[in-house]
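Next up: the structures, one after another.
You will see subunit A twice below: alongside subunit B first, and alongside subunit C after that.
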Partner chain A sequence: MSGGSLNRITTIARNTFLEALRQKFINVLVILAVALILSANFFRQFDFGSSELKFITDFGMGSILFFGSILSIVATAQLFFSEIENRTALTILAKPVYRWEFIAGKYLGIFALLTVFTMLMIGLLAGMLSWREGALMERYPDDFAEGRLVSYGGLFAYGVLELLRFGIIAAITMFIASFSNTNLYTVIVSFFVFVICQLQYVARDGWNDIGNPLLRGMVWVMALLFPNFQMFNVAELMIFPGEQTLAAASAWGIFGYGIVYIIAFNALAVLAFRGREI
Partner chain B sequence: MPLIKAKDNWWWRRARVFGLSALSLFVLGLALSPVERPIWDEVKATQPELNLREVEGALGQGLVIGLIGGFRAIIADFLFIKTNTYWENKDRPNTEAMLNLVTAVDPRPMFFWLNGARMMAYDMPAWEAQEMGGYANLPPAVEKNLKARYAELGMNFIDKAGSFHPNDYRVPLEKAQISINRLEDPAQAAKYYKEVVAMPDSPYYADRIYAEMLKRSGHQQEAYDYLRALYPTLPRDNAMAATNVVLERIRELEDELDLPPIQRLPTQDTEVRPAFTAPSENNGFNLGGSQSKEKTNVGPSYGLPTQDFPQESDSEHDHHDHEHDEHSH
Partner chain C sequence: MSDAIEINGLTKDFRIGMRGYKLRAVEDLWLKIADNEIFGLLGPNGCGKSTTMKVILGLLEPTVGSCQIYGVPSTSVRSRRDVGFLPEAPYFYRYLSGRELVRFYAKMCGVPKDEIGDRTEDVLKLVAMDEAAHRRVGTYSKGMLQRIGIAQAVVHDPRLVILDEPTAGVDPIGSAAIADMIRSLKERKKTVLLCSHLLAQVEGICDRVGIMNRGKLVLEGSVDELLEKKDMRSLVVEHFPASAEAEVRAVLEKHGAKLASVEAPRISLDRLFLQQTRDSDQLHESEKEEA
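Presenting the complex of A and B:
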C-alpha cells in the first residue's frame, strides 16, 4: 500500500468518523446505552439469583451488546448510503480513489466510532463495578479476604473482543451494503445475519445429530458460512476469573478469529462494490 | 436487445458475486474449523447456559434467547415475576411453562430451579387437590398418585439443573427432600442424600439426615457405620456440626442394634451417661424429644420456611396440613 493510498484511506475514515459523530440517531443510541449502564444499580432490585457484581456485569454487557449491535448495523448502513444518496460517492470515486480504498476508509471510520463507543461503555461499567465492589468490600470484608473479585484487566480485554464482534457485524453490513440498493434492505438483512451468527452454534453443534443426510449437509454448510458469535461470550470467564478462567491462548484465538472474519467480509465487500453501478 | 443483455449481465454479475462470496466464506469456515473447534469446546464447557437443546422444543425460545443475548439475567428476573403472578392465580399450565422459559433464558441462578421444583412438587398437587374438593375429600390412593405425579414433575425439573450445576449439592438435596416429603420414600431419599454428602460444601445436617433416611429404610447397620465414621471427623467447635446430636444417634442406634459393649463407641468426654444402656430403657429411635431442636439448625432455607426441608420428625410430617402444603416465596 502506497503512502498516497494510506492518506486517502485516512481522510475518508476521518470524515466518516466525524460524520458519524454528527448524526443524531447515533448520539441518541450512545446516550441510551450510557443511561442503561448507569441504571444497572436500579435494576438490581429485580435481581433474584445472581450476585450483585455479576448482575451489574450481565446487565452492562447486555446493554453494550444490544446497543453496540444496533450501532454497528445502522451506523454502517447509514454512513455508506449517505455517500451514495448524496452523490458524494461519485465525487470521491471520480478522483483518483480506488473503490477498495473507499470501502477501507469507510470501514475504518466506522470501526473508530465503534472503538469509542465500546471503550466508553466499558469504562463506565468498570467505574460502576469498582464503586459497588468498593462498597461491598467495606460491608463484607471477609468475602473479599483474597482481594477483589472483578478483574478490571479482564474487563478491558473482553471489551476488545466485544469490539471485534461489532467489527464483524459492521463488516457484514458493509458487505451487504456494497451490493444492495437501499439502506432499509441493508439494515434488515444485516439484522437477520446477526441473529444467524448468534445462533450459528446450534447448527454447528447439532448437524451431526440430524438423520436426513440432505438436511444434515445443508446445516453443515450453513454452519460453515457464518461466524460463530457465541465464541465471544466469554465475559464471565474474563471478568470473574475464579474457578473457571479462559486460557490466554483461547483469548488470542478468539481475537484472531475476529480479525480474520473482519478482513474476509471487507474483502468480499470490495469484490461486490467493484462491480456496482453508482 | 441491449437492455436485455445489460440485465443478463447484471444478474450474472450478481450471481457471480454471491457464488464467489459463499464459496469464500465456506472455505474460510472450513479452514478455521480446526482452530475454532477447541476454542469453542472450551468456551461452551465453561458456559453451560449456552446448552439450549433442552428448550428447543418450545417454539421460538431459542430465537428469543439468541436475540436477547446479554440481557438474560434481567429478562429472566422479569419473567420470574410474571411466573409468580401465574403462581398466585394457581394457574398450573402457565406456571410450568413460565418456569421452563425462565430457566431456559437464564439457567444460572439456582433460585429459579429450586423455587420451580418446589412450585411443581408442593404447590401444584395442592391446587389440583383443591379443584377436586381438597385433600380431605380425596381417597388416599388418588392423593398418593397426585403427589407422585407432581413429585416426578418437580424432580425432572430440578434434574435439568444438574446439567448446569453439576457440583451443586442443592440439586440432589432438593430431590431428596421431594422424595421424603412428597413420595415418603426414605430409600430414594437416602440415595439422593448419599449424592449430597459426597459433594463439596454439603452441609452438616445432610450427613445426619442421610443416616436417618438409611435407618428409616431399614438399613440401621449402614446408618450406624456411617455415623461412626462421620463422628470423629466433625469439628467440635462448630455448632452446625452438632456433634452431640450425632453422638446421641449413634447411641440410639447401638441400642436399637443391640450391640455388645465391645463394639460400641467408647464413652466420650461430653457424655454423662455410660456408653451402654439396656435395650429396654430405650425402645427404638427417639425422633421427638431432643431431635426437635435440630430443626432450628437444618441449614440454609434459601428464604423459605423450614418445613420445605425434610423433617426429622415423623409425627410432624404425618400431621402436616396438606391443604396448606404450599410454600411461600
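Presenting the complex of A and C:
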C-alpha cells in the first residue's frame, strides 16, 4: 500500500467517524446503552450476594451485544448510503481514489466508532463491577476468601472479542450495502444474517446427523459462509475464571477467526462495489 | 501532445429491471477535446451528457469503445490525477468549513502534506471564497457552494476541469463570477469541459461546443463557426437617420446585396441586470462612505 493510499484511507475513515458522531440516532443509541448498563445498579436490591456480579455482567454484556449489533448494522448502512444518496461518493470517486480505498476508509471509520462504543461500555461495566465487588467483599468476606472474583483483564480481553463480533457484523452490512439499492433493504437483510450467525450453531449440531452427503455438503458450505457467533460467547470463562477458564490459545483462535471473516466480507464488498454504477 | 479527452466510438448501455432490458444512453460517440480548450457539451435532459461525463471520470465503463484522458484510459485511476470535477448541485459535508472541505479533497487527491496549506489558500482566493472559508459549508448559498465546488475541483492543479451545470440555480451575478473563473482557468492553461443549459453563457465562454441528442453527438464545432451566418454581415451605425435607409438600400442593391433588416442593437438581459446591480451597489457604497 502506498503512502498516498494510507493517507486517503485515514482521511476517509476520520471523516466517517466524525460524521457518525454527529448522527443523532447513534448518540441516542449510545446513551440508551449507557443508561441500561448503569441501571444494573438496581440488582443490589435483590440481595443476590456474590452472584450479583454475574447478574450485572450478564445484563451488561447483553446490553452491549444488543445495542452494539444495532449500532454496527444501522451505522454502517447509514454512513454508506449517506455518501451514495448525497452524492458525496461521486465527488470522492471522481478523484484519484480506488474503490477499495473508499470501502476500507468507510469501514475503518465505522470500526473506530465501534471501538469507542465497546470500550466505553466495557469501561462502564468494569466500573460498575469494581464498585459492587468492593461493597460485596466487605459484606460477604467468605465468598471472597480467595480474592476478587472478577478478572478485569479478562473483561477487557472479552471486550476485544466482542468488538470483533461487531466488526464482522459491520463487514457483512458493508458487503450487503455494496450491492443493494436502499438503506432499508441493507438493514433488514443484515439483521437476518446476524440472526442466522447467532443461531448457526444449531445447523452445525444438525450437520452431524445428516446422512445425505449432498445435503451435508450444503450445510457445511452455509456454515462456512455465515460466521458462527456462538464462538464469541465466552464471557463467563474470561470474566469469572474459576474452575473453568479459556485458554489463551482459544482466545487467540477466536480473535483470528474474527479477523479472517472481517477481511473476507470486506473483500467481497470491494468486489461488489467495483462494478457498482455511482 | 495528446488531446485532453479522446473518445473513440463510445457506446454505453444500461441493463434495467430483472429481465435486463437494455437502455442505450450513448451511441457511437467520437469526440476529441484539445488541451487548453473550453468545450461546451450541450443537450436536453437525458441526452447522454451525464453518462459521457461519468465515463470520462471513470465512474462508468464503456460498453463499447474507449475514452482516454491525456493518453491514459479513463478506466484507470491514474487518469483522474489530471481531472478536477464539479458535480451538478454539489452536496458536500455540511459540517466542515469551506477551508476544511478543500483540504479534505486535497488529501484525497494526494497533494503533498507540505503543499496542502498553500494550495488551499490559492484556490480559495481564485474562487473569491477566502473570506468565507472559515464558515461551515451548511451555511453557504448556492453560489458559494458552486464556488467552493470549483475550489475542490482544482485544488490538485489538474489539467482538465469538468464542470457539470456550474451555474445551476445561481443568480446572474454569481453566474458572471463563475464565468470569469472559467476564463481564468483557461488563462492558467487548463482544459475545461462544461455542461450547461444556459446557452447564452456557453456561447460567451466556450471555444467549441458539441450538441448531443438521444445519445448521439449531432453537431460539433467552434462557436463562431457554428453561429456565424456566413452570407450575411451586420453594420452597427451610430445616429442612423431613418431618411438614409432608402439610400443605403439602393447602394447595397447596386452591389448585388440586399438590406435584410434595420433594427436597434440590444444588449442582453443578463448584461443589463449586471450593469444595474453594479451601479446600485456602487451608489450604496458611496452613500455609506459619505455617511
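Following the convention adopted for this analysis, the second predicted complex is superposed on the first by the 262 of 278 C-alpha atoms of A that agree within 3 Å, B and C clash if a C-alpha of one lies under 4 Å from a C-alpha of the other, contacts with A are read in each partner's own complex, and residues count from 1 in each chain.
Keep this in mind: a residue touches a chain if its C-beta (ideal position, glycine included) is under 8 Å from a C-beta of that chain, and two chains touch if they have at least 3 such contacts.
As the structure is a prediction and not an experimental result, all values here were calculated from the model.
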item: Touched partner set for A:L18, first subunit B, second subunit C, both or neither; value: second
item: First (subunit B), second (subunit C), both or neither touched by A:N7; value: second
item: Partner chain(s) touched by A:L90 [first = subunit B, second = subunit C, both, neither]; value: second
item: Which of subunit B and subunit C A:E236 touches, first, second, both or neither; value: first
item: Partner chain in contact with A:Q198 - subunit B first, subunit C second, else both or neither; value: first
item: Touched partner set for A:G62, first subunit B, second subunit C, both or neither; value: first
item: Which partner reaches more residues of subunit A (counting touched residues only), subunit B or subunit C; value: B
item: Subunit C residues within the subunit A interface of the complex; value: 14, 54, 57-60, 77-78, 80-81, 83, 85, 87, 90-93, 95, 104-105, 107-110, 152, 156
item: Subunit C partner contacts - residues on subunit A that touch it in the complex; value: 4, 7-8, 11-12, 15, 18-19, 22, 86-88, 90-98, 277-278
item: Residues of subunit B touching subunit A in the complex; value: 13-14, 17, 20-22, 24-26, 28-30, 32-33, 35-36, 38-40, 42-44, 46-47, 50, 52-53, 56, 62-63, 66-74, 76-78, 80-81, 106, 108-112
item: For the subunit A and subunit B complex, residues of the former touching the latter; value: 43, 46-50, 54-55, 58-59, 61-66, 175, 179, 195, 198-199, 201-202, 204-206, 221, 223-226, 228, 230-231, 233-237, 244, 246-247, 250, 253-254, 256-257, 260-261, 264, 267-268, 271-272, 275
